[in-house]
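Take a look at the structure below.
For reference, chains read A, B, C and D in written order, and residue numbers begin at 1 within each chain.
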Amino acid sequence: MDYIKIFDAIYTNLNKVEDTGKVADYIPELSKVDPNKFAVQLTTIEGSKFAFGDWQERFSIQSIAKVFSYVLAYSRVKSDLWDRVGVEPSGTAFNSLVQLESDRGIPRNPFINAGAIVICDILVSELQSPKQDVITFIRDLAGVETINFNQQVAESEKAFGFTNMALVNFMKSFGNIHNDIDEVMDLYFHICSIEMSCEELSQSFLFLANNGVVPYSNKRVLSPSRTKRANALMQTCGFYDEAGQFTFKVGLPGKSGVGGGIVAVHPQKYCITVWSPRLNAKGNSYKGMLFLEEFTTHTALSIF
Amino acid sequence: MDYIKIFDAIYTNLNKVEDTGKVADYIPELSKVDPNKFAVQLTTIEGSKFAFGDWQERFSIQSIAKVFSYVLAYSRVKSDLWDRVGVEPSGTAFNSLVQLESDRGIPRNPFINAGAIVICDILVSELQSPKQDVITFIRDLAGVETINFNQQVAESEKAFGFTNMALVNFMKSFGNIHNDIDEVMDLYFHICSIEMSCEELSQSFLFLANNGVVPYSNKRVLSPSRTKRANALMQTCGFYDEAGQFTFKVGLPGKSGVGGGIVAVHPQKYCITVWSPRLNAKGNSYKGMLFLEEFTTHTALSIF
Amino acid sequence: MDYIKIFDAIYTNLNKVEDTGKVADYIPELSKVDPNKFAVQLTTIEGSKFAFGDWQERFSIQSIAKVFSYVLAYSRVKSDLWDRVGVEPSGTAFNSLVQLESDRGIPRNPFINAGAIVICDILVSELQSPKQDVITFIRDLAGVETINFNQQVAESEKAFGFTNMALVNFMKSFGNIHNDIDEVMDLYFHICSIEMSCEELSQSFLFLANNGVVPYSNKRVLSPSRTKRANALMQTCGFYDEAGQFTFKVGLPGKSGVGGGIVAVHPQKYCITVWSPRLNAKGNSYKGMLFLEEFTTHTALSIF
Amino acid sequence: MDYIKIFDAIYTNLNKVEDTGKVADYIPELSKVDPNKFAVQLTTIEGSKFAFGDWQERFSIQSIAKVFSYVLAYSRVKSDLWDRVGVEPSGTAFNSLVQLESDRGIPRNPFINAGAIVICDILVSELQSPKQDVITFIRDLAGVETINFNQQVAESEKAFGFTNMALVNFMKSFGNIHNDIDEVMDLYFHICSIEMSCEELSQSFLFLANNGVVPYSNKRVLSPSRTKRANALMQTCGFYDEAGQFTFKVGLPGKSGVGGGIVAVHPQKYCITVWSPRLNAKGNSYKGMLFLEEFTTHTALSIF
């Protein structure tokens, strides 16, 4: 299929649509991005690559990184992961304390903030040098040694992170945080600050389209069964309280971040990443969602 | 693949597991079923059939019928369907008034009770003889003229249906019910009372695995795009507040009912129906869920 | 104290304040009232009367009538009243289904709609001719034989009463409604439709200021202890989710209705009724609240 | 009235009732108290004193201290107090984050934990040496120089105070905390740790029964109008989600603490304090509630 041509056609169409979205501005660093940036990159499991726009430019991947930390924990932890975090969509906003209260401190899934914080707590327990180990894991997946945290973003996230501090304290009151809060949150805020390009993201998610094996290195990250489950989890929980909408319109498992990035996986086929910084009211990239909807409609390549 | 052999092996294994589920007993008719009934039936889009147990015995399909009424409305209504009902998983119990209150009378999706009632309201507006038209639609899908409502179940549902009466009145207070409440609920309670066998269910869901076309009659029910979306909706919303769990463990779009039935669809491949009356705490068939989990694990045939 | 002079002074002051309230319009009958009507009437337990404005004109007392039905039930029922309804302020809007769900069908108190409906259910069980008996009870308290239901209002309440129908069905699903829903709601909607003047209201509430005895007839309605408790209940629950505000600013037990009336009781002293149809955002009379705040501030006659 | 005799009679009666309550044990210090301690002390505004049991023994007054900090703030702050905290009963548990979320970071009233934390934030802004100034204020009210914080309790509250840390972070995310979180919480945890006897508590609350003036020193603490309002606030909000119950059964404004103490005020008459460490399911002293119910029933001395 001539993906580049399809990308170009969809992009041209989308430019006729007014983008009512707004760039994230809860920390100064995110608000500085050029709102008109746009990129899309598709990598097949056979290694073909198709790119468009600013696909080599790194941006703040934010919550997309929660897939990496979840996979790292899932590949390491034997026992209690699913006692401490669920696999159900949240149905409410991504940082809801209401739900955490009714669920007695057990987050609905690993991709809402509370769940990702529990994953960080698990990683702090499991890893020797949590921050270093996480970034090394991601660099290995992408095959790029220069991927890194953005210290300034990490510090800003911390300085304005009162809701997340509320979440972690609240979970600790239910006994669902085992380590020192500051250590856990230092890891969490750093993970949120990682910067990658569309190309690097597609590359590093490719094992999820390939039964758990990184295609170019043949390294197994997850068993086939766990790979399916990781994809299933992205399908139902990857887009906060818009997961149903994304599944309904795009029909691929995926994960978004407030930096405007979205990664979607077509099992056995490819991984596609889009980046457009303006967010809709639910916190997902406005044009990114529309682009992927058009893409799977045009190509008839959803999983359903 | 030798499906019969797989069915047999899984069934034998499951018999070693204690079934902690409970038969639905909120109406007397449902409580009378033999709790040890078990059936599974798989039909491929090419027409091959594989069955096990009581696959020809009809049971109360209950909420599975919500897929039929939804598809019928979706194939007819042009405009306002998605203004009146959402596509998001509910995250809470299937008959929650809390969520309906915070969502100002708009149900989260067409498969929770409130959403299915709105669909009934739409069908009352659209159809000449709603009850007759719905049952005819289902008979045509299954190719079986004897499928019918169970009047006694319908009346029992009505006699004990105070929660559903609360839901419809509450939605009417928000303006989201346009017709007379009694007429809407008469249709709703009848739809819940339909009885079908595993074989009939697999047969009648087969168009969802076949891009919207009934394989044996070549009749188009939904466009390919709408078929994908109907499957996507079952994936995120088909199992009340256990949709994430089913997606995670089974990895197929599906729909359950409190009669103990579950239908699951593998797009481009087959439709599989299981029946085991004992329900888990979330109201889904206890053994049916386990069976399908084992089945997709053994066959590696999930969509992810 | 020269109450008339105080009334006049406060009224003159209030006329300088812009009344941002809105007349209730959920049924046509209520919306027809002249929004500029104003009345206040005070009757002491010794029988002195002080009145101002349209104090002889009858208006729709609406939820104020819930005190009458509660007192009638409380004076009759021996056993299970407090198993079926609580004595706690609701903290949320007067017709909230959310709270009823978390409280498993037990309304927080007898003055929110759900609680008043349970009281009606109790009266249907206890009384021979519920509607007749209730209106006779009120006529006896007021000493006025012409007090009556407004049939047109009762029918309108019923025609638009979907939220209340949702409440009663929901409570019946929890087993907290024992009688036929239509019979219970017929009583409820009639009680809401009663029309009385400020003078008649002050007169008929006077037993609550007089240890449970109607001063002019010497007839005991409630024991002294139950009278105190009825007053206590009005103090914490008489103003929907503005009960704290009324207690804080006015400092007397009282009850409001969406017809714009407010009755307040000063135990051992007097009963005062105000009427001003425009309602604040919480559904209580905007000027009525302000008037009573000024009145208890000027006279230093709160109970605290 | 022979209060001592009444105390004795009620106490004897209560001893026949099985005390199903449980001593607070969320911090080790509280769990060490002798659960059978019992004391009651009544001081009239004329200075008469009536005491029974361990009335001179100090205990952890816990949330009772929230009245002191609130009064201190209320007597100092001119402007924004009621923009930052409400006057409505909470209707839910005292440390509910749910309500805080729906109310956008504004606590319902100054006596739930969140509200008391906002009061501490105001005191940190207003006072030179917050901790010293608060304890001096209480010592002056009681006329006892030795009243003090218990440092060990304060540190324990801090070490286990994750729910409160969640509350303060959450409110800060809404902009309703202006100072450094650690400084605010240091004051909060110290205030919770204050120890006083029943006699000292009755003495120091007496100004609330005396129009705002400390009887023995003639020092004005609050204006008469603000005194009434402080009492009104205790009436509707002093007992977490049992405020209605206390008002209904006891009929006096009051405040409880998880140390097992309850102070109640009869305006123009007296102040009464009871202490019994076992708590009911709502966190209020089990026998203390019963004692005061019996007391106001016997003496017919409620405000209603």
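Basically, a contact is a pair of C-beta atoms (placed from the backbone, for glycine too) under 8 Å apart; a residue touches a chain by one contact, two chains touch by 3 or more.
Given the structure is predicted, the values throughout are model-derived calculations rather than measurements.
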| item | value |
| --- | --- |
| Maximum centroid distance from subunit D, chain identifier (CA atoms) | B |
| Numbering shared by both copies at the subunit D-subunit A contact, with half separating same from different | same |
| Rounded Å distance, subunit B centre to subunit D centre (Cα mean) | 55 |
| Interchain centroid distance [CA atoms averaged], subunit A/subunit D, Å | 47 |
| Whole-Å gap between the CA centroids of subunit A and subunit B | 32 |
| Subunit B partner contacts - residues on subunit A that touch it in the complex | 86-92, 99, 108-109, 224-225, 227-229, 231-233, 235-237, 241-245, 247-249, 251, 253, 267, 297, 300, 302-304 |
| Residues of subunit B touching subunit C in the complex | 96-98, 100-102, 162-163, 165-167, 169-170, 172-173 |
